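Next up, some structures in structure tokens.
Two complexes come next, and they have one chain in common, subunit A, joined by subunit B in the first and subunit C in the second.
Coming up: the complex of A and B.
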């Protein structure tokens, strides 16, 4: 009898634990709810820690959903006035010194953005994670004193930039705290650490992201959002090629 | 006795003039051929040296490890000071800064939109400084197909193949798209000054030649350069000297663990060039050896015939009572004098003609049209220390050996038969 009671209690605890842990897709949807918005306008400081020097680049970005974004680089002097327009799966860069608008395509998408640890391809991959990857919760871990779910994501489409991902999601705020991106061979390609999570306009949002391209030398790239506003009125003309030359 | 023999040789022209002319001609050809082959075989090495390897090359240690990828993010920084130090430490060498880079050349249409695009392999070098030797080193003026050499900043030379692919002509604008030293994308406008044909498929397909200051601006490489190439002033690669120079330079940085510390490598220490240098040396020696053997046989034969031709004279001398050994020795002494005189004259003439070819070269540009091999349009000889003594092998040794062999007959002749031979 006593054995039966212990078994029932154990089963109940395990069941409750499992029931209390949301499924991987549900976690990802909650993450997207935090991270996505109809539109946003933000200013950022990107510090690229190279082998010998560090460079800081500031920019202002307007974006609508995940499909359209426009970035204007504000400093340093060499990059000032450079503009980048992303529409769906197309990307253009305007260089003021040459007055030329160049479309980035093909192998050029694999180049790094301003010498950072981020590639244009990373910027272009705007599909929802649930559309590209099948995911499972593989465990839990404490990251920066925050209990996190560990999600293993495997690509279910052939054109995914990374074959698999491992994400650590804050179990309360549903914000990614760490991410690792892998090639099909299992080789770790990139690691991302997200921090300074703040509540902005009712959503939890990480203000600092540190990207590290494992295959690249240097100390990684620190991307810090200095100001961000969600659901703003953004003029339509901004997302046109004509806006690049203005 | 030598004085007596000399008098005899000078007075009897048939014993001196013709043999000396024959020996001198053979020696001259030997010296000239050796210098010519040395120059010809060395030209491929020199071409690689001029385009990419230098006789020595200074890079950072990290750059040297990935040299084939020309990683400009690992380039040398503070090159003005380094160049000055190199000039002071090695004044016997000429130094040139180079930046090799890759990217896309984009040709715009009248609306500024992309008309055509193609990959480009760029070389940044000093084109605009007065008295620059880089134009000469890469034989750019002679390689010009259309247009002119760059005279102002922002002007570029395109390979003829690339210009045709992009449908651009001298005077047109093109945009270079590539990566800066920091890995950032860069877009830079150039004006096409002219087009070039190098006679090499890779270069003719997509090479661009730009002034190094423009490359620095485009690639954000202020006071930086990928490589500093060193060239011996005589224009010829000397492996031993290059290795010594490298060792001397590197000894100052041997304890420096910094991966961006400079390192100097001789041409033979760069990639597969060492193997090529060794192979080239082997082939030069092999060809020279075969030629010397052939020339030795000719002169040995001449010495042999010279000895046999004097069969009658030797017979009279023996009949008159001169000792066989005495006759044999005088013939050998005479051949030594002939060999020495011929070798000296031949070596002098050979060196003179080799010097002419070394200085002025033989223009074979007419034969190079349509060639897909990267070869110089002017072939030059190269005088090396070996040329000063090499001619004495066939000139002196072979002549004397020929005489010694023909003279053996002296000991076989019977005095009793001499008069019968003379009567006949």
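Coming up: the complex of A and C.
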């Protein structure tokens, strides 16, 4: 009898725990709600830590959803005036030194952005995670003293760039704190650490992201948002090729 | 004519050191020109032989989108091996290659590479592909010495490579260098690794697919195959021909300088002879020689410099050229990073045609240069010449 009571209590506790923990898709939807917005305007500092030196690039970006964005590089002098326009799956770059606009397409998308650990393709990937991956909650872990869910994502489509991902999601704020990208063989390729999570306009948002190509030496690429505004009125002409030369 | 030759020979020998200085300078031109041209022919021969042995075989079929000079074309350049080729492949007369882009991480550095899938049992090339026929946990790979130098790798080293499969999904794995080979063809070494064909096909999810097909027999008539372009040896070695042509054009300047120096000496000698031997010229005319016969005499005398130079060249040049043909000419600078098929030591090849044409050209030029100042004789007054009056 005693054994039965212990079993019933244990089952009840486990069931309650399971019920209190949201499902992986639900977690991803909450993350998406937190991280995405109708539009945003932000200024950022990107520091590329190489083997010997570091380079810092500042930029201002206007974006609408995940499909349209316009970035203007503000410094250093060598990059100043360079502009990048993304419309759906097309990308153009304007270089003031040559006064030319070139379209980055096909295999050129696999090149690094300004020598960073990010490729143009990484920036272009605007599909929802729930559309590309099946996900399961595989555990919990404390990251930077925040309790987080561990999500294992496995590609359900054949053309996903990364076969699997692992994400650590803050269990209260529903903000990703870490992400690891894996090759088909299971080899870890890239790691992203997100920090400086702040409440901005009613949502939790990480202001610092460090991208690291694991196979490569160097300190990775630090992407820090210095100011961000959500749901602004962005004029339509910003997202035109004509705006690149202005 | 016989008399003219005898007279010319006697006069030249009589002139002593002046004649021999001219002959020595001219003989240098003979030997250097034949040697340099021999080096060019040797390079052409070596480059094409090495390319045949390591890169192009008897010719190739390229998949229609394949462009070796555009790495971005590689991702799309693959297709199932056509049925027409399967018989030749089975008999070892044709070898398929799958060529895909990838990335290697030597010592934590990132370097773009081309990954080539090769049949480990192939006999068409001198590449040590049999070293890929081994069982290891990592993917067996062979690389060229130039590549090994670039990525600072040795045989037995393990390195990580990354690639994207046919769907664009990233994959990564370790390779183990089973052999480092050495060639004179940088096009098969630089920025590339060789792995077993079937392994690469499985890594890329491209079973039974290839990018290029190399065949052994260059003489066989090759039919057009849908989606594949046939490239014969002449097309594939056109870059070597262009290179040799450019280099030969550059060398022509050197030949011109050498010839100019030799011809200047002969021209001066001729002018001096005519000036100093006016009395002799007058005597010839008084004895019944026509002006043209006297001009001919002096022209033969000048041209004989070239004949003596050819004989002198044969005396010291033949042993020298034969020794160079045997031991080769080792270039003082490292040629491995020239980016073209060139050996560190070049073995000159001299043909009979090369020697005869060089001798004929130099003799003709010498004859023209000898005739040029001799024309003055025709304008001379024979009476004054006989008197020894300077004209």
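Operating definition for what follows: the second predicted complex is superposed on the first by the 246 of 246 C-alpha atoms of A that agree within 3 Å, B and C clash if a C-alpha of one lies under 4 Å from a C-alpha of the other, contacts with A are read in each partner's own complex, and residues count from 1 in each chain.
Criterion: a residue touches a chain if its C-beta (ideal position, glycine included) is under 8 Å from a C-beta of that chain, and two chains touch if they have at least 3 such contacts.
Note that the structure is predicted; figures quoted are calculated from it, not measured.
Partners subunit B and subunit C, brought together by superposition on subunit A, clash. In the superposition on chain A, A:115 contacts subunit B only, with no contact to subunit C. Legend: residue contacts after superposition of the two complexes on their common chain; A:207 is shown touching neither subunit B nor subunit C.
Using the contact criterion defined above for the overlaid structures, shared-chain residue A:95 touches subunit B, although it does not reach subunit C.
Legend: residue contacts after superposition of the two complexes on their common chain; A:222 is shown touching neither subunit B nor subunit C. With both structures placed on the common chain, the touch criterion links A:72 to neither subunit B nor subunit C. When both complexes are aligned on chain A by C-alpha atoms, subunit A residues 51, 108, 216-217 touch subunit B in the first and subunit C in the second. Touching subunit C in their complex are the following residues of subunit A: 51, 106-108, 110, 155, 158-163, 181, 183-185, 187, 189, 213, 215-218.
By the touch rule above, subunit C contacts subunit A in their complex via residues 71-72, 75, 101, 105, 107-110, 160, 162, 164-165, 167-173.
Those residues of subunit B lying in contact with subunit A across their complex are 73-74, 77, 104, 106, 108, 112-114, 175, 177, 179-180, 182-185, 187-189, 220, 260. Partner subunit B is touched in their complex by these residues of subunit A: 48, 50-53, 55, 78-79, 93, 95, 97-104, 108, 111-116, 216-217.
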